[in-house]
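Two complexes are shown next, each including subunit A; its partner changes from subunit B in the first to subunit C in the second.
And then the complex of A and B:
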């Protein structure tokens, strides 16, 4: 990064961690990068990446993408809807507010939706799910399998895609074991990053992209 | 306890499209069928997946050479659900969690009359276990039932005519 260093307010990295649980790391990264760019220009975005990137690699990826010219998050829910297909139950594993909002706007109201409410970050889940006005039910790792069935799907968010590997929330590995794979008709990953992470995927975990039935970029 | 496999067998020969085509009439919905085929060929140990593929392909060849499956006739003779195995306390009350391919019971009538404890026990054995067993059993039983029905039609004095003369081939779709 060749942008000049810009002094940013202290505590932005802590603020990122406080918000990421409720909005998701990519959604929060876009929020922070746009705000810093508005207040401190590209130099501020470079400083944000330098300071907070190593702790939050998704923020680093979004900031570096911004500096490379990617100024807008492109998310199309239609291929995700196609991947979910005729499923009438959907369990969301992980949180990304912007993509999830876009999906919920288009999703058939007849499809029941639940979210496994678990995060490595502090989260007020009642507040998060209140944003969906009762449309998304709360489940946990002990109970989400009663949403399984021949017309049920699991959805998570992925953070970039290399040759064969991708990065997902560790919660996906806890939820989608060998037993669960045969209990849900579709195992869908929605990639919310344009490029693979360049730093060690703290907070996330690498898996084979072809372990999903549908990988949507 | 058996010794572990020294070398895990390869299942690289599996072509899911061919089994998908075999089951097109048993599971007409594309998404349902993709789920069933994944459970049979894509989940579980390689030796199960590979064995499922080999046996289904061979059974499919037998059915093809006998004139194809008569799906309507088989379905009319009855199926039982293949239950989805979830921890008992997580099963939804009042809603059977089952796979989209049922167990065709026609072939079992060769071994035990419908309604007998033996017939029911056989169906239970075939539909128990993880789906790489239970769904593979269901798919094989579907093809075995189809083959037996065709052989029965060929028997002198057969009293069980086919619901239709011939169904479409189970050849895989052209790519």
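And then the complex of A and C:
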């Protein structure tokens, strides 16, 4: 944080909350950090982390990573594809637009994909799914188990990885109870943050990384 | 007859007041009022329910349902979302340009598709945009207010935009082209004056911080939200062709040879839905606005009952008999239409006043009377948020969006917030309506 903080317009935290559900917290954080850096430099990014970071720890992590020199989001869908393996049905729990777009580009078109449409943030789910041109179906917490089976996988996004713990959307705990775990071939977490969160994981929940069959960093 | 002339109008007025006071029970109240009117006409010897129902203008209901379904096909094509995103990019997220572009867009949409459908689509996007830009109470009040007024003006601009104009078309009071060439320029004048007064006079964006950071985040975010969303041309093109063919048919085919407006709409909407049968069936089953249809059906029944009592004829005779010049009678009528609409909303006012307009049209140029009436109703719809269904809808959507200013204070859009916009718009649209009538009478249009 070598750059001095600069004054940013107020209300950016409200703006972040307005789209974090639809694009995903990490995707939105990268979008905000890039835009602020373009207009207000690293000082602006430092201000953004100070102002909106406590409310949105993923934004804080991305901004601090940016200031530490991490200027590009590195996402490789190939290990995720390997973790999904021969599953022909995939249920996505949580939303991260950039990683999911990258995965969908490479995923075999024969694999059926569904998303559990639930978020603590306001989301226009029709618009979310319109971006995938009919490739992703909509399911909810009551119906996603219809997708269970020996060739089905559950995928969520993780936000940083400590020694043994990671952070995921709370929806994962609601969806993946003891009853559900045995019904899916693979339980995959895809880590979309380089470093673990430094702040209390508001909007997220901490769990053991080994509770997944595959943890992709 | 004097008893009927007291009871039936009283039933209509009481029903309208009750539904305005308790909008939660609107349908129950209006359907109850309609049943009571039928009972009263039976007991008073003015006709049984079957005769009252036979007088209901079903053609208007067919047009409303048909156009509503065509609107839904446009919605499914995602054209509105993509246009909103492009408007955001074109404006560079500048709050003034956003107000201007969305007002013009809303006017255009309002003229072609159902007002409520247009508002339901556009307003949530706009509110999302406001969260990104960061807005003030002043901006919310004037920009959403302008959007509602533009929506009303768009609805009055074409014969298929909103119920009052559809009623004129469906009842054969005016042909498609005759209405369009008169109402479109008049409403455009109204729009230009109101937009100029609000965007360049009031300047809703005053007090907003003009930060390049907000603009960059807004444009980048909107682009990301619609990154892969494409207009479904297989849905858009047939719907646009069907609507275009309907408009050409309305303008050219002779109604007296059986090519009535409702038949053209019925066939056109059917053709648009048949292109994708599974979608068409789903839209018919789920997207017909049953609430609006039942509300209007109830109103029509009550208005037919009142007409049978002879009250409307009496009002028209009283208006024509006023000891003022004939042109002043027309002005009084247009102002009364605006005020009644503000109190009772567009549907009831238009349905009732059309009976009076018919009488006035015998002594004044009919086009002046009917378009003047439609403009007066448009002015009244724009006075209060409660005067048109789009007002409460905008209020509910704004509340649901939980907008806040930079200090975290909640931003509202309700009756009192809209009032200054409403008064300004009412005065401008009434002035346009009166000016239009004066010109019509003077030049004999």
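As a convention for this text, the second predicted complex is superposed on the first by the 215 of 217 C-alpha atoms of A that agree within 3 Å, B and C clash if a C-alpha of one lies under 4 Å from a C-alpha of the other, contacts with A are read in each partner's own complex, and residues count from 1 in each chain.
FYI, contacts are C-beta pairs under 8 Å (C-beta built on N, C-alpha and C of every residue); 3 or more make two chains touch, one makes a residue touch a chain.
Just so it is clear, the structure is predicted and the values come from calculations on it, not from any experiment.
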{"item": "Touching partner for A:88 - first (subunit B), second (subunit C), both, neither", "value": "neither"}
{"item": "Which superposed partner A:8 touches (first subunit B, second subunit C, both, neither)", "value": "second"}
{"item": "Contacts of A:179 with subunit B and subunit C, given as first, second, both or neither", "value": "first"}
{"item": "Partner chain in contact with A:217 - subunit B first, subunit C second, else both or neither", "value": "neither"}
{"item": "Subunit B versus subunit C as contact partner of A:148, first or second or both or neither", "value": "first"}
{"item": "Comparison of subunit B and subunit C by subunit A residues contacted", "value": "C"}
{"item": "Subunit A contact footprint on subunit C (complex, rising order)", "value": "78, 81, 124, 128, 131-134, 209, 211-214, 216-218, 220-221, 224-230, 401, 404-407"}
{"item": "Residue ranges of subunit B in contact with subunit A within the complex", "value": "29, 31-32, 34-35, 38-39, 43-44, 84-87, 90-92, 95, 97-100, 130-132"}
{"item": "Contact footprint of subunit C on subunit A as seen in their complex", "value": "8-12, 14-15, 17-19, 22-23, 27-28, 31-32, 34-36, 38-40, 44, 97, 101, 122, 124, 127, 130-133"}
{"item": "Touching residues on subunit A, where the partner in the complex is subunit B", "value": "85-87, 143, 145-146, 148-150, 178-179, 181-183, 185-186, 213"}
